[in-house]
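First the structure, then my questions, so here it is.
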Amino acid sequence: MTLLLALIPILPLFGGLVNACFGSRLPRPLSALIACGAVLGSFLATLGCWPGAAGEGLKTTLFTWLQSGSFSAEVGLLFDPLAAIMALMVTGVASLIHLYAAGYMEDDSDQARFFALLNLFVFAMLTIVLADNLLLMFLGWEGVGFCSYGLIGFWYRKTENAVAGRKAFIVTRIGDLFFTVGLLWLFARFGTIGIEAINSRAAELDPTTLTLISLLLLGGACGKSAQLPLMSWLPDAMAGPTPVSALIHAATMVTAGVYLLCRMFPLVSLSPLAMGVIACVGVLTAFYAATCALAQREIKRVLAYSTMSQVGYMFLAVGLDSVSAAMFHLLTHAFFKALLFMGAGCLIQLAGHENDIFQMGGMRRRSQTVFWLFLAGLLCLAGAPLTGGFFSKDLILATAFAKGDPFHLGIYGLGVLTAGITSLYSFRLAYLLFAGDFRGEELPHELPKLMIWPLPLLALLGLSGGLLNLPHLFGGRSWLSGWLERENDLLQIPLQSEYLLLGVAAAVFLLGWLVAHFRYRRFAERETEVCKQFFLTGWQCDAFFDRLLIRPFRKLCYFCWQGGDLGLIDGLVEGFARACLQWGHAIRFLADGRISRYLQGFAWGLLLIVGWFLLQAVR
Amino acid sequence: MTAETSITFPWLSLLLWLPLLGTLLCLLWRKSAAACRYLALGTTLLVLLVSVGLAVSLETGAGGWLLFEDYRWIDAYGIRYTLGMDGISLLLILLTAFLQVIAVLISWDMRKHPALFFALVLVLETGIIGVFLALDLVLFYLFWELMLIPMFFLIGVWGHERRVYAAVKFFLFTLSGSLLLLLAIISLYLLHGEQTGVYTFALAALKQTELNFTQEMIFYLCFMAAFVVKVPLFPFHTWLPDAHTEAPAAGSVDLAGLLLKTGVYGMIRFAFPLFPLAAEKSLPVLAALALIGLFYAAWIAYLQFDIKRIVAYSSVSHLGFVILGLAAWNQTAWEGSVLLMISHGVTTGALFVMIAMIRQRTATREVDKLGGLWQSQPNLSAFFLLFCFASLGLPGLANFAGEILILIGVFSSQPLWGAIAVGGILFAAAYMLRLLQEVIWGPCCEPFDKSDLCRREWLILIPLALLVIWLGCYPQPALDVMRAPIQLLLQGGMP
Amino acid sequence: MATWMFYILGAITVVATLLAITQRNPVHAVIYLVNSFFALALLFFLLGAPLVAAWEVIIYAGAIMVLFLFIIMMLEIAPGVEADRYGPNWLQWLPILLLAAALGICTLLLTGLDPVGSNGVPHWYASPRDFGYALFKEYALAIEVVSFQLLFAAVGAFYVGRPERKSKSPAGGDR
Amino acid sequence: MIVPLEHVLILSTILFLLGLVCVLVRRNLIMILIGIEIMLNAVGLLLVGASAFWQQIDGQVMVIFLMAMTSAEVSISLAMVVYLNRRKGTVDVRAFDEMRG
């Protein structure tokens, strides 16, 4: 069993290395086959390990990575219920996306690089999921960052793609700084970085330290998961190929932050303040991103903002003390968002590589299949009753409501509002894409079969995702909560309230639909309003950060370089050298090349010596 | 002083003088460039072989000197020929031997006075190995200065456009530091002689000299002057970017990979053990300078236009990390520092090697004129990507292991320093990604030579890449070797 | 007697030297200098160094000064050669003749008297035997060194003064 | 000792100074060399005087070395005079100031 467990991350690593080293020399189908096979194998291995996950879970230590003094970091894997469900989701979705990518990359010349990075990504992501200590998790954490960097800038010939990759890496690295400090602090306090050990001893910490460490971990999570205020990289990251967006920037990597918080939940949950902050960050991001999604023109940017918004919901769930709600939403979201992205990839292909939804329209006529599949994803996103997204989102909102105090009621209110906006932009997207006639000029490109057939599976998973944690109200048994051993996450509110909340959720969904129906059913090129422009640019965040951070930073660098290094230090050094030179020039007449002059100096010296002796004699 | 003279084969002397023998042979066969090339390669390979053989066969886990040699040399002044190798020296010598092979291989096509060039590279090797082995202060100083001369000529003769300026700057900076060192060595010798009547330069004996605090501080500062300039610590670093930029590829590799390490080694081996009280007092200052340098150099690197300068400033930044680790004064941080020295030697050496290859193909080092190298040279660019990420501290690659150990060590004794230092990782990412952006991504810059890696270049890059990955994924063997000596040094003892 | 002789010879030396350094014509200067060296040799003799005195005459006044004369003539740098056409300029020759005469008288006086006799001219002097012992026993190494120096000087002089090569050979281009 | 050592010293100093003045004042290379010879002789006188004063033979031995050295020096320097004259056609020191700082 432990061998099987080790195989889960090792297979994609192996696939990635093979593709990285020899990929360009292998025949194209083989390279794709290796990549898909590796991930699929990993999925099967996860399934094989599954029975061992219950309860304490499986553990294995491969070797000692770093050991120095009292510090020791092993390469150890931990396969407990939380990791198991996450690993299953990652490998499963990744397998489907790899298949899709094999179709998508059919005629790209750099296929090997793509699959190498994609496989390495899966490896790194699984390392995050399975790591039994924080340092190994950090390895995966940075590893996904690296792969994300390489894949966002995959089409490197356009500078802006590469710049987007760089931005993603650096912004997430700001978050990583917090994570690192948190890690160091935890080690300094506990003398270990094992996740289980820290969690079991978390109560020993004093409240201030606990809160600070929790906030540091939150900072790390914010960076990876594109939450406020480290969110600006995600929309730009859409420059990457679509499978990348589906895998990394929708289903897996961006949820790593949520996973981290769930992993460290026993620690984080001990600090009410930190929990409040997490909830606030979550709900504010959800709201912020939803408003931004309203105004976007590029199909993938809409989806990117919606991802940010949904991940915000997951943060909110963590902040509400409900790991199972967070994981529930994480899972359903992974399914339908991967579906949406892959569908978007198909649509872009069908529209002749057109990204702009204002240039699309009438896409239904180009492919019925894609229309239905994409619609299924949108319904889940919008929270149409009885879809997976509906149940998971409702659970989060209901949990907030159930807390009952004004703070949480406020959060509930904002959450409901956001849900309405979500429904609105989902249907805006649907109408702009499918209603009316095609507005662009491009002819459709052919759609490889491989790009279609992972979609129905995901649609099925997305629509029926609610079964994972079907509330008692609908006759379910809340399987996920039980699996995660979080029975106390279950709602403790009266039945009427529960009905009421369901009603509100459904009403909000309908409201959003209706507004979208009247506003976007017929396409009209509206002039851009100031408000819209504001949302389009993500509340001017890029400009804001540019002013606040980047420009001063460049000024500081310039000052250090020109003022500090060239000016002050070299100035001093060279000034000293120049002073020596001046002095040399000043006494240069002494050495005019005439022998007699030199001998004169000699004679004067003699005189001095004789004079000195005379003086001594006189004394 | 331990009078034990090893009766066994003098391996250390062999290691030390082999390169010099190669130098002589090179000069003998100076008419044929090919002969010199192969001679240099053979010599460096032989040194590598011997050092690896020693590393494998010795009981490296144990404390104390792994090998020790002590012979009479100049009796009149109590100067002895004392060599000793412990785990730290062993690792650094392995690094030296390895990087010298790379340095010879990267200069394979050297056209300008090849015999002299390779001869100087070999002399440099003797100097560096000597510094890592010498335990007699005069012997140490001899090798310390011996390193300077070949480097001066390597920069001054085989360098690029502003080579003379750079060479003179390098020479004056380092010389002014080492003169103070010489002064301190002689005064310490006299003082010790007056106290005990035994005039000796042996490190172990001089450690026993009784000094009052003022004396100790003065001596310490003089010693540190030499080491700090060599490291180089902010604000004594401005020679480095110039020297790096102008040096030929092999010179840059040696400079970054090895010469800088001699400064740190000098601190560990001489300055700290000889003057423990002064060292303890100076730690906060050292840490502050290291922290400033760490950020300052990273910031400056962010704006450079010459890719060699970017890497040069990154060296300053990384060495700031190393010094910070030393200043934390605990086992974990020191192990991290030594590990980072080695990783930095490999990664930065690799980066300079790659820059030389890029320059060969594009005839420029200006970021403005570079770009899109992946299109024509995917293999070369892939290696460049790997080494850049190793340098910015991606976990699983070389630098990270050292950095995280340093951070852990620093944080456990001085949380604030540690927390600040973490920020350095961010800026490392900033300048390294900019470098990558400008060189391998973006629109293609049309290099005039579109060939990808040739067989010799593969031969250079694959060992470097393997080492980078090995140091990142499984540095434990290296850590085991340095553990015991570091423990001893931290306790103020000598092997 | 010897004491008086010392002062007289000292005066001759100084005057001859003074005249030597003020001459415009190097030939004349050399002639005065030879005079001065002769006087000096006698002084050495008076101070108990007969062997050194002999060498002073042989090496300085003889060899070195003749070498000077050769060089001066070889380089044709002595002015006023045409003046000789009208016969010697007696006024110009007067000082040297006077000095030479004084020197001759001194020599006669010194040699006419018994050097180790009742006048007790030098009551201590180094005999050639003592001198030889000292030189080749205590200073044997120094003698070797000096002889090497002479050899090098000879080689060096030969090298520096070698005839200039014609521009045919490229090796000469560095000079 | 026939005269006090001081008198020998004075005589030798006078000779030395005359030589020095010659070296400093004259511009002819030959004359400068002559000045050097005078100075060396002054030293020789001093050595012999000292030898007589202490009745030690070493001073005289030194004079022998002095003479050997002088002859070496003269031969080299005269050869150089010839060489320089050949190069510049003059023996005026003012022509040889390439070592100017």
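Order of writing sets the labels: A, B, C and D. Residues in every chain begin at 1.
Operating definition for what follows: a residue touches a chain if its C-beta (ideal position, glycine included) is under 8 Å from a C-beta of that chain, and two chains touch if they have at least 3 such contacts.
This structure is a prediction, so every number in the text was calculated from the model and none was measured.
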{"item": "Pair sharing more residue contacts (C-beta pairs) when A-B is set against A-D", "value": "A-B"}
{"item": "Averaged-CA centre spacing for the pair subunit B and subunit A, given as whole angstrom", "value": "37"}
{"item": "Centre-of-Cα separation between subunit C and subunit A, whole angstrom", "value": "100"}
{"item": "Centroid spacing, where centroids are CA-atom means, of subunit A and subunit D in whole angstrom", "value": "90"}
{"item": "Centroid spacing, where centroids are CA-atom means, of subunit B and subunit D in whole angstrom", "value": "56"}
{"item": "Chain contact topology (line, ring, star, complete or other)", "value": "line"}
{"item": "Those chain pairs that satisfy the touch definition", "value": "A-B, A-D, C-D"}
{"item": "Residue ranges of subunit D in contact with subunit A within the complex", "value": "20, 23-25, 27, 32, 93-94, 96-101"}
{"item": "Touch list for subunit B against partner subunit A, complex", "value": "169, 173, 235, 237-238, 241, 296, 299-300, 302-304, 330-332, 335-336, 372, 374-375, 378, 382, 385, 389, 394-396, 400-401, 404-405, 407-409, 411-412, 415, 418-419, 422-423, 425-426, 429-430, 433-434, 436-437, 440-444, 473-476, 479, 483"}
{"item": "Interface residues, subunit A side, partner subunit B - complex", "value": "20, 24, 63-71, 113, 135, 138-139, 141-143, 146, 149-150, 153, 156-157, 159, 162-163, 166, 169-170, 173-174, 176-177, 180-181, 184-185, 187-188, 553-554, 556-558, 560-561, 564-565, 568-570, 573"}
{"item": "Contact footprint of subunit C on subunit D as seen in their complex", "value": "1-3, 7-8, 11, 14-15, 18-19, 21-22, 25-26, 28, 30-31, 33-35, 37-38, 41, 44-45, 48-49, 51-52, 55, 57-58, 60-61, 63-65, 67-76, 78-83, 85-86, 91"}
{"item": "Subunit D partner contacts - residues on subunit C that touch it in the complex", "value": "2-3, 6-7, 10, 13-14, 17-18, 20-21, 26, 29-30, 33, 36-37, 40, 43-44, 46-49, 51-52, 55-56, 59-60, 63-64, 67-68, 71-72, 74-75, 77, 121-122, 124, 126, 130-131, 134-135, 138-139, 142, 146-147, 149-150, 152-154, 156-158, 160-161, 164"}
